[in-house]
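Multiple structures follow.
In the two assemblies presented below, chain A is common to both, partnered first by chain B and then by chain C.
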Partner chain A sequence: MTPEPSESEISARLIAFIRERFLDGDAAGELDETSPLLEWGVINSLNSVILLSFISEEFGTPYLLENIDATTFKSVRNITMMLSDGNQRSRR
Partner chain B sequence: MSLHQLVIAAAARDPGAVAVAGPGGELRYGDLDRQANALAQVLAGHGVGPGDRVLIWLDKSPLAIIAMQAVLRLGAAYVPASGTTPVGRVAFMARDCGARVVCAPGVLHSLISAELRSDARCLNLDDRSWQHEGPGTPVNHLVQSAELAYILYTSGSTGTPKGVCISHGNARAFIDWAVHELGVQPGDRLANHAPFTFDLSVLDLYAAFAAGAAVCLVSAGLAYAPGRLADFLHRQRISIWYSVPSALIMMMRDGRLLDRAAPESLRAVLFAGEPFPIRYVRSLADWTSARLLNLYGPTETNVCTFHEVTPADLERDRPAPIGRPASGSKVWAEKPDGRAPHGDDTGELIVDGPTVMLGYWGSAPQLGPYRTGDIVRLLADGSFDYVGRDDYLVKVRGHRLELGEVEAALSSHHDAAEVAVITSGEGIDCRLLAFIVLRAEANSGILAFKRHCSVSLPPYMIPDEIFFVTKLPRTVNGKLDRAALIDVVQLSVKEPAS
Partner chain C sequence: MSTDFDVVVIGGGPAGSTAASYLAMAGMSVGLFESAIFPRPHVGESLVPATTPVLLETGAIDAIDAAGFPRKYGAAWTAAYSLRVPSNGFAGISHRLRAEVQFVERDQPGVDRDYTYHVDRGKFDLLLLKNAEGHGAQVFCGARVLRVDFDDPEIVTVTCRLGSKEVGFTARMVVDASGRQTMLGRQLKTKVSDPIFDQYALHTWFEGLDRRALATTPEEVDFIFVHWLPVKDTWVWQIPITDKITSVGIVTQKKRFISANSDREKFFWEFVESRPELNEMLRKAKRIRPFHAEGDYSYAIKQICGDRFVLIGDAARFVDPIFSSGVSVALNSARIACRDVIAAYRGDGKYSKASFDNYESKLRRAVGYWYEFITIFYRLNVLFTAFAKDPRYRIDVLRMLQGDVYDGEEPKALQAMREVVAAVESDPDHVWHPFLGTLQAPTAAPTF
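What follows is the complex of A and B.
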């Protein structure tokens, strides 16, 4: 069984995906864990679906659909927290 | 009867009936009446009186409705801003309309600048001591129907938002129409999907209050959770749903709305704000036997035409018509030469009547008919088909915005030499695209520009995609060639910032 990714790994993979998919690489490297994704218009109601399908493929859907709303997408840190909560719950 | 008296009357009829359902609990008419009265007294203590404006900067919630009602009871007008409205935009709105008080919860309250504090009193809504006050003296200022009830700020082509001023009478004209047309009853549960900053929300709130029905608030966060949005319809036993088509499409496409039988409670689905591709309307019609109504009207005129979808519409290859006059409006089309269009000709839709706004805040009053800028075709049965627009006011997934305002925000970035903004795609697939020619030695990337926009623009006005180009395509006359910009996207010729 593959070990579950650590929080820092989850964050790094999310940041890499968002940079590549929504920010054309973000060459200036401005995106970090705490960047307000909704406020800055990085994530919107359309591409949040793309991000969710990435999460589902990448992390095997540990997230719980009923836990997802705008708060989840506020920052990479919030998404990471939701995912690691999901991991802990599925282990129980 | 004015907008606040609808609540006072409903509370007198049945104080125990639910007026507002979540987020953050239910509010019964008796409680709404008492709390609005108590907050009105607090606002009066801050000097709010007839003719004043009060800005309410707050996420959609029962508390926001209490605040709106409190302001109206004093004979003042409210100016709604949502929690996602940037502080810079709120400050502009407050200064522009000369707000006497800005109401905000603590978390937003702390962002209010010293400059704004010197112009307006700021009321921290986290202090709720007034909620426990007794009935107190009723505050119920009698207003004339032509008096200002609220101001909705919409995107402005010159780079700053403009305030659409709506009177109690303007609002009542289309609310009364809606209550009658839909037969809204005390047992009804109306969904409120639109933010309070958008005119669609006015119908949800006040049609419910006029009938003593419940309005069920969809929290702003659910826009990112189509599955939960679809679930909301069932859980809240919604009988009347009203939203932009994009929201319904998202629920069908990403939220598995159609996988489950339609809730039995649902009896009307209303949509407005953008053309609804007919294939999705067909799916809705297969799913529910509820009435499907296409409503039309810019913020400036409120709902002025409507059309109930018929089986024949579903056979069309284009969206349902926007229909015939509603709300006592007079509606007609004119060609640029002032004559009526005939046959397949198109013309601009013009509206006159009780729903037409008082005017833009700070501008001359709107006397007489309002020219919508929307191009329509008159159908053989006397109804109108929406064709498009002849200017740069666009709809992006149901949100109305002026391309000029987005361009102004981008242009104010120190690294931008030239900018152009266009839309690509239609309906839910519509995207806002920005093209930027950078100054020499510029080093800003996409995120820097998005972040810069977020200072003055709400999230829905921030470009979805930003392309850095070496020059903007121009026509032989030197005008921006927007069609050529679309080619740039299609060819994917983009030069990332490096």
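What follows is the complex of A and C.
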């Protein structure tokens, strides 16, 4: 089994995906872990599903769809927390 | 009192011919009246594996296997969106979303193979009708049933139009398998149209469509494809009919067609153009049938059985074509109803409403699952792909897609989907809230 990715690794991969797919590369380098994704309109209802699809391909599905709420996509940090919580839960 | 038949079956589609087969096999005398002359074209070309046990029981499977219909091993969904990104105004990145399932992933009771079929309904329906005739049912084609008289408590009289004459036939009971014509639903005024979920389908056949174009693996080429259009609650089916022919249909809200105020062909291409890769695939193929429209098919019937009658298949209920459930509901409702009919025949011979209790409760349950699954599908839209991909729900979603809804517990995926929809609906800040906002779902829940 491949070792589970660390939080910083998850976070880095999420940022890379969001930059490439939703921000046309983010040439200005504005996106970081705490950027307000929803407020900025980077994440919306449609591309959140695309992001989830990426997450399940990259990390399996260490989240429960039922647990996704208004705060989940607030920032990369929040998404990372959801995923690492899920990883810990599935280990238990 | 002697009657012409023990039972009259109205309609010779998959529901009617399956019922006629079961009843004739049980030794009953069966008269089946079909208004069309077979073969005739029909929509609803993709089967689900829940049809297999019924085809095995009625003995129709050998003819179906020999007919050379394309095998259906699974289903795939595709979506694509161009998203506008606010930070630098760039638009036009195409995002693709997809999911697929294969029937082989889940064993299904009574199903001896990991595929089902896509069928030319003209040929398929004729094979089933011949099978019924082979079991001893008397089949009358070109005979439209006009009304059923229930006044006599012992018999029913079915009046048919045969050529220029009206002719009456008597039986102990009647099975209404008249399809979306809903013969008894109309006569008894028990049909309720769904006022919100008023779907509309526009479909045709293409020759030379390259089914590899939107498939990612060779296995997927003969899957059914559901392509979402970036138009709310609108999708396109792609169903293989032969090596060369592919059925394609658009399903949308009827009001979109009406407000578009264009002819069928223009409407079809306008909608298809919203998915460039789909448009390209279709433009390279040749359309070989006129566009055919289906509307007014979202309805419920308040009473699916009564003294001396049962309703099966589309005559009892149809919601939406999204999960290819039509033929499966036809065959399985026939199977389950006929158990009760045969028990009544071998028992007191009264065919009272109470004789059909088992059928009513089983069908209510199954149709309830379908209904909710379809409702939630339209509420979730592309989020549905997240469920299909999630290992926790995948097998359960597959169970619904196999049509395995008549026995056993409620599919767990339904509960999970219900919770997600409820959570999103109750939270205006939820990232998916705007997404649900404008989607329309059926409101006419099963009422029988």
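We adopt the following convention: the second predicted complex is superposed on the first by the 92 of 92 C-alpha atoms of A that agree within 3 Å, B and C clash if a C-alpha of one lies under 4 Å from a C-alpha of the other, contacts with A are read in each partner's own complex, and residues count from 1 in each chain.
Note that in this section a contact is a pair of C-beta atoms (placed from the backbone, for glycine too) under 8 Å apart; a residue touches a chain by one contact, two chains touch by 3 or more.
Quantities reported herein were computed from a predicted structural model and do not represent experimental measurements.
K.L.:
Just to be sure I read the superposition right, which of the two partners does A:56 touch: chain B = first, chain C = second, or both, or neither?
P.N.:
second
K.L.:
Kindly classify A:48 by the partners it touches after superposition: chain B alone (first), chain C alone (second), both, or neither?
P.N.:
Both partners, chain B and chain C.
K.L.:
With the two structures laid over each other on chain A, which partner does A:39 touch: chain B (first), chain C (second), both, or neither?
P.N.:
First partner only, chain B.
K.L.:
Tell me which partner A:21 touches in the superposition: chain B (first), chain C (second), both or neither.
P.N.:
Once the two structures are laid over each other on A, A:21 reaches chain C alone.
K.L.:
Which parts of chain A are in contact with chain B and also with chain C?
P.N.:
23-24, 26-28, 30, 38, 40-49, 65-66, 68-70, 72-73
K.L.:
Help me check something: in the complex, which residues belonging to chain C touch chain A?
P.N.:
Answer in residue numbers: 81, 83, 85-88, 90, 93, 95, 97, 382-383, 385-387, 389-393, 416, 419-420, 423, 427, 429-435.
K.L.:
Of all residues in chain B, which touch chain A in the complex?
P.N.:
84, 86, 219-228, 250, 254, 397, 428, 431, 443-448, 450-451, 453-454, 459-460, 462-464, 466, 494, 496-498
K.L.:
Taking the complex as given, what residues does chain A use to touch chain C?
P.N.:
21-24, 26-28, 30, 38, 40-50, 52-53, 56, 60-61, 64-66, 68-70, 72-73
K.L.:
Which stretch or stretches of chain A touch chain B in the complex?
P.N.:
Going by the criterion above, the answer is residues 23-28, 30-31, 35-36, 38-49, 65-66, 68-73.
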